[in-house]
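Pasting the structures here.
There are two complexes below, and they share chain A, which is joined by chain B in the first and by chain C in the second.
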Partner chain A sequence: MMACVKYQGLCRHFILHSGVLRTIPVAHAGTLKTLHRSFSSEEKESFYGSLTRNFKLMTQEFVTKLKSPNIDTMFDRSRVLWEYKGPESLKEFKVVTDATIGGQSTAKLGISRNNKLLFTGNLNTDVPKDGETVRSGFCTLKTLQQFGSFNRKVEIDLTPFTTLHLRLRGDGRAYMINMYCNSYFTLTHDDVWSYFLFTRGGPHWQNVSIPFSKFFLSSQGRVQDKQSPVDLERVTSIGLTMADAVNGEFSLELGSIHVTYDATESEEFVYERYQT
Partner chain B sequence: MNRLVNAFLLTSLIAGTSLVIFSNHWFPIWLGLELSTLSIIPLLSYTSQSRSVEATLKYFLVQAFSAALLLNGAVLNLWISNSWDVNSITSPISYFIITAALIIKLGLAPCHFWFPDVLSGLPFLSTIIIACWQKIAPMFLLLSLSNLVSSEIIIVCSILSVLVGGWGGLNQISVRKILAYSSIGHLGWITCVAFFIPEVSYLLFLFYILNNTAILLICHNGSLYYLSSLSKSNVVPITAILFSIALLSLGGLPPLGGFINKVIPLIVFSLNGNNFIIPFFLIGSLISLFFYIRIVFNTSLTLFPQHSLNIVSFRTGNSSLSQPIISTLIPITIWGLLLLPIFFLFI
Partner chain C sequence: MASCTRLLHRLVLNHGCRVCYLPFGTFRRPPLYSACVESCAKVTFRQELHTSTILSQEDATGSKQQQQQQQEESHLSAESKRTLSLSRNLFKEATNKSADKETFYQLIRTFGEVDKRRRGHLQFIETALKYMPHFNVEKDINAYNKLLDIFPKGVYVAKNVWQVIFNHFPEQQTVALKVLQKLEDNKIMPNNETKKLLLDVFGRQSHPVKKYQRIMYWFPKFRNINPFPLPFELPSDPVLLAELGLKRICEYEAELTVVKEFDDSSSDTNANEFLTSSQSPEQKDLLSQHPPYRPLFVEGPFNLWLRDIKLGYYVLRSDAIYLKSLEGDIVKDEDEEFEADYNMRNMKPPSEDQLEGSVYAMCMTSNGSQERLNLWIKKLQEDNPHLARLPVIFNLFDNNTESKEREGRIGEGTKLLKPDT
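Let's look at the complex of A and B:
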């Protein structure tokens, strides 16, 4: 079913919305499910049970490191970070909207008619009437943070790679791709490296390639004056944000996220780094 | 950074290390160690990036703790032997505390965990100071104390360092972390020889510093941060060749100069009847040779499809200071084996 919706004179075709759309709400705004916590909220793990579980995890991590999994890594050419393989693939994501600050936007995660991940929702830029908030209107799709032993964040090492690739089909709206890294200081906990993702609204799939050198640093929504490249050694999460300040529905189909090494990419960082 | 400030900090750094080397009193030694630590902090964190600041903070915490431990050991020795003299350590407890402090400062196993983490967060020029210059003072102290009390601790730490340096470097894809583990392994070799013939250790340590400095300078020139970026060194062939030779020398392959750092300790061990520790050192050395060869393979034996605009350049770049330094250091790695007869004067 095709629907043509006008946004400020532009016409976007929505071929992804259909009456037989299957929606499986997997994660709700503000919730965080970790892969290692399998108990329900009613069961509380005992102290010794938790200690035993964490020590077992730590032993597994130590043995894995001892086996040196990178021993044959001469040069990694590509690695698939996420690929849609079925409904269970949706559990690796969570959705966060401005409802956490009192906004009106809604978003949900589902499976599209083409059996791919579908990120849909309605962006609403109405500012919550709390006297503090100045701007509103964002919906984020983000990979879940993985935790290791003793609740330590698991970091993904993307240093062998230079480019991030996404296979997606958008609705013509502009999204942002975000990369989140583990930080040592509390001051940099909100650091996010972002880049623009302009989608085509057509029926064809889109392969987006963004070098890591193009990601710019922002913190709490503000682009920082002092820029630095992405800390590829400590990546914890990758996300997509819809926040183009245009009220209305959005829809994005995601097929896969992978990283590659491009030998022709010689730039370390494309933005000016001012010397003080 | 302001050049005057830079010059002041470097001068303080040199002064601190000199104070440690030329003092016979524990208090100026502690003062010199703290002075060199505090001088280097602004040099490490001048880029103000969070990763550099994190590395600087970790370095400061470790060094400050070990310096305080050293002073604690010295004061304990003062209480027991009533002397501030460096060579008057009579109590095993104070010797143990001081040795532990120096092992933490040097980054020898089992107190090595901070070293790769700190090095991986800093630019290459800063890693040269951390990995080479800042080792001089604690190594000098450790070598001075090596003949005072029985040093089973040093031998155990040396063996651990060699094995950890080899095994730890296997899983790394960051060149800085690989060189950090390489440094841990090499220090293991040098400190073990100190227990038998300290004079030989000084020469081995000097040779290691020169070799390491050359490699780090080449990495700095080519921005060779990760294994994947080593293929960029193919753009300047002379750099790739020098880098490969320096690395194989560090790995201890004959006939390159780095073979001295392996053959002399083995001769010393066998002459002193300590053949049981030789297998550990050989195993650690062979494991570490694997990741040196891996770097050499990526540097000189792989050719990625280059962009047509990336033509091979025979000029080595704009760095005016590092080129002459590399040019003088590299011949030492190649012809250093000719210095082998000098070592036999001490054996």
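Let's look at the complex of A and C:
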């Protein structure tokens, strides 16, 4: 049975997904946050202070691993990864534009008048004149990487789920959804699993659902010949990229990102696995 | 061993041709049919930079040069037959003629006639790629095929595994890759002629053929994934565009009405003014039940992009008083079941309409002034008599003001589609 991408553009009612909506167990999320070092503080942490903090974190992580909060998701069918709850929800994202390579696009995060996250900006495809760059023009909204004990990357385990959902309202432009995963080899550090996100535009909210089987692998901007499905055990962040090569302003309102398990999705991977 | 180090030395110091590894200027009078002809004259990997600086210098000196060229005879002198000047001059002259694909094809033919050995074909192809937008041939697959046809057939095909490993004729492969990349960027499907040409020129084990295979694999997979597809060629008529845009964002049962004649003082060219409005029967019902003590807002213009065209639409919606009052009512329990809780308390989850204000009608117009929107409201009153009793507040976004009401759409300004452009 073919995995299909479902778009419910006309829904004007608050969506309750099939199944029970549960948040991540509090013991896992909350205590880790208190032990995370606040990077805004000016004073330098002492060596022993950092050691104790990291060891505490590590024991916490070990305990949560023993408790296996993912087993609870056997009874869940969906999990909210991010939801707009107030201005502090904006801190979980960061914005990257092509200003890093010398381009002129601008983008920023804000709060929309309907009290949701607003990703807005102006895409500029003028190529920076350095003799090497051929193309330019991208703006990315990306969830921040979380760090655990000893500055190791926190991996989100999404293996119980099959579909990624977003609730958003765009202006008709096409974005790309990217999933970044942790990996052992430096060769695979630039691996990104992507898929296209088409927005409808208009005053109504749009519910987008994309099965994980649809994400194709690319590295450093080039789609790879040898494809593999997204590594759901080790997801570190999710991002949205605006790079549709059209000069002009864009804006996107994001309400929530969640994942669900859809039993009707029987396809593991949509593209051929052998090197084509 | 010594020759190997010498080779590496040459490569590293970039004093030599990357194709034949001999130093630049080895061949003054190049031998017949040598593939290294132009590579030995002046080749660097920053070829684009090289040609682009020349072109920009040309533009800088500008009109003087153009006048000189026009004064010169129309046939190409021996001086201008030199490779870089040849492609540059050919295209410069062609810009004076009509900018269409026939001129472009003629140019390619001229290049073949000027020199049967087609010296400087790499520079010519790269210059042609730069000038493609000017001649409007970016979306034409035949133009790309004709460019690939310039390459000689069979010369660059690798004959053994070592040639494959060492990228037989890398410069030529790079240029062909640039042609294919431009093809890919413009989202055009290559055809059988492209395949035949690539195989004849470079052989099966080459990078251009691999790139062609990649295009042929991925393009069909992504061709029909857009759930809101647009026609391949968007109409140029602003009324049709507005209809297309409104149909995309309005409700399924909505009816579109188009008004074309206005008594406004603001309409200078009556032929190009229009007002397209959309409202569904459900919205009419909701509007007829709207309480008269709550105001209605006309908001806009919001942006709607149709591929690369920006439209602006206006919305008639009720106010969003629920936004603040419901914050406390929304249940956010982590342990209890969301659904069951609501069912037990006999409460409905807040609908999106209550949170933001229901949309009663939408419109697109060529002139977004208050008078025009007043006219729209009057038009709506014909079908919704209850609307006459309701207070309507106009909340129009301005380019210059950064009011809090605005949805933070910052940019060059909210330009509506102008019929003249």
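Here is the rule we go by: the second predicted complex is superposed on the first by the 228 of 276 C-alpha atoms of A that agree within 3 Å, B and C clash if a C-alpha of one lies under 4 Å from a C-alpha of the other, contacts with A are read in each partner's own complex, and residues count from 1 in each chain.
Throughout what follows, a contact is a pair of C-beta atoms (placed from the backbone, for glycine too) under 8 Å apart; a residue touches a chain by one contact, two chains touch by 3 or more.
All values derive from a computational prediction rather than experimental measurement.
In the superposed pair of complexes, A:N70 makes contact with chain B only, with no contact to chain C.
By the touch criterion defined above, A:G248 reaches chain C but does not reach chain B. In the superposition on chain A, A:E267 contacts neither chain B nor chain C. More residues of chain A lie in contact with C than with the other chain of the pair chain B and chain C.
Look at A:H204: by the touch rule set out above, it reaches chain C but stays clear of chain B. In the superposed model, A:E233 lies in contact with chain B only, and not with chain C.
Of the two partner chains placed by the overlay, only chain C lies in contact with A:L118; chain B stays clear of it. Residue contacts after overlaying the shared chain place A:G110 against chain C, while chain B stays out of touching range.
Once the two complexes are laid over each other on the shared chain, residue contacts for A:F161 go to chain B alone; chain C is not touched. Legend: residue contacts after superposition of the two complexes on their common chain; A:D126 is shown touching neither chain B nor chain C. Put simply, chain A uses residues 276 to touch chain B in one complex and chain C in the other. For chain A in complex with chain B, the residues that touch the partner chain are 65-66, 68-71, 73-76, 157, 159-162, 183-185, 188, 191, 226, 228, 231, 233, 261, 263-264, 266, 268, 276. Chain contact summary for the complex, chain A toward chain C: residues 5, 7, 9-14, 16, 20-23, 26, 108, 110-115, 118, 120-122, 131-132, 134-135, 171-174, 196, 198, 200-205, 223, 225, 245-246, 248-251, 271, 276. Chain C meets chain A in the complex at residues 46, 48-49, 185, 213-214, 217-218, 221-222, 225-228, 245, 248-252, 302-308, 310, 313, 315, 317, 320, 323, 334, 337-339, 349-353, 355-356, 358-359, 362, 404-412. Contact residues of chain B toward chain A in the complex are 48-51, 53-54, 57, 120, 167, 170-174, 223, 225-228, 231-232, 294, 297-298, 302, 304-307, 310.
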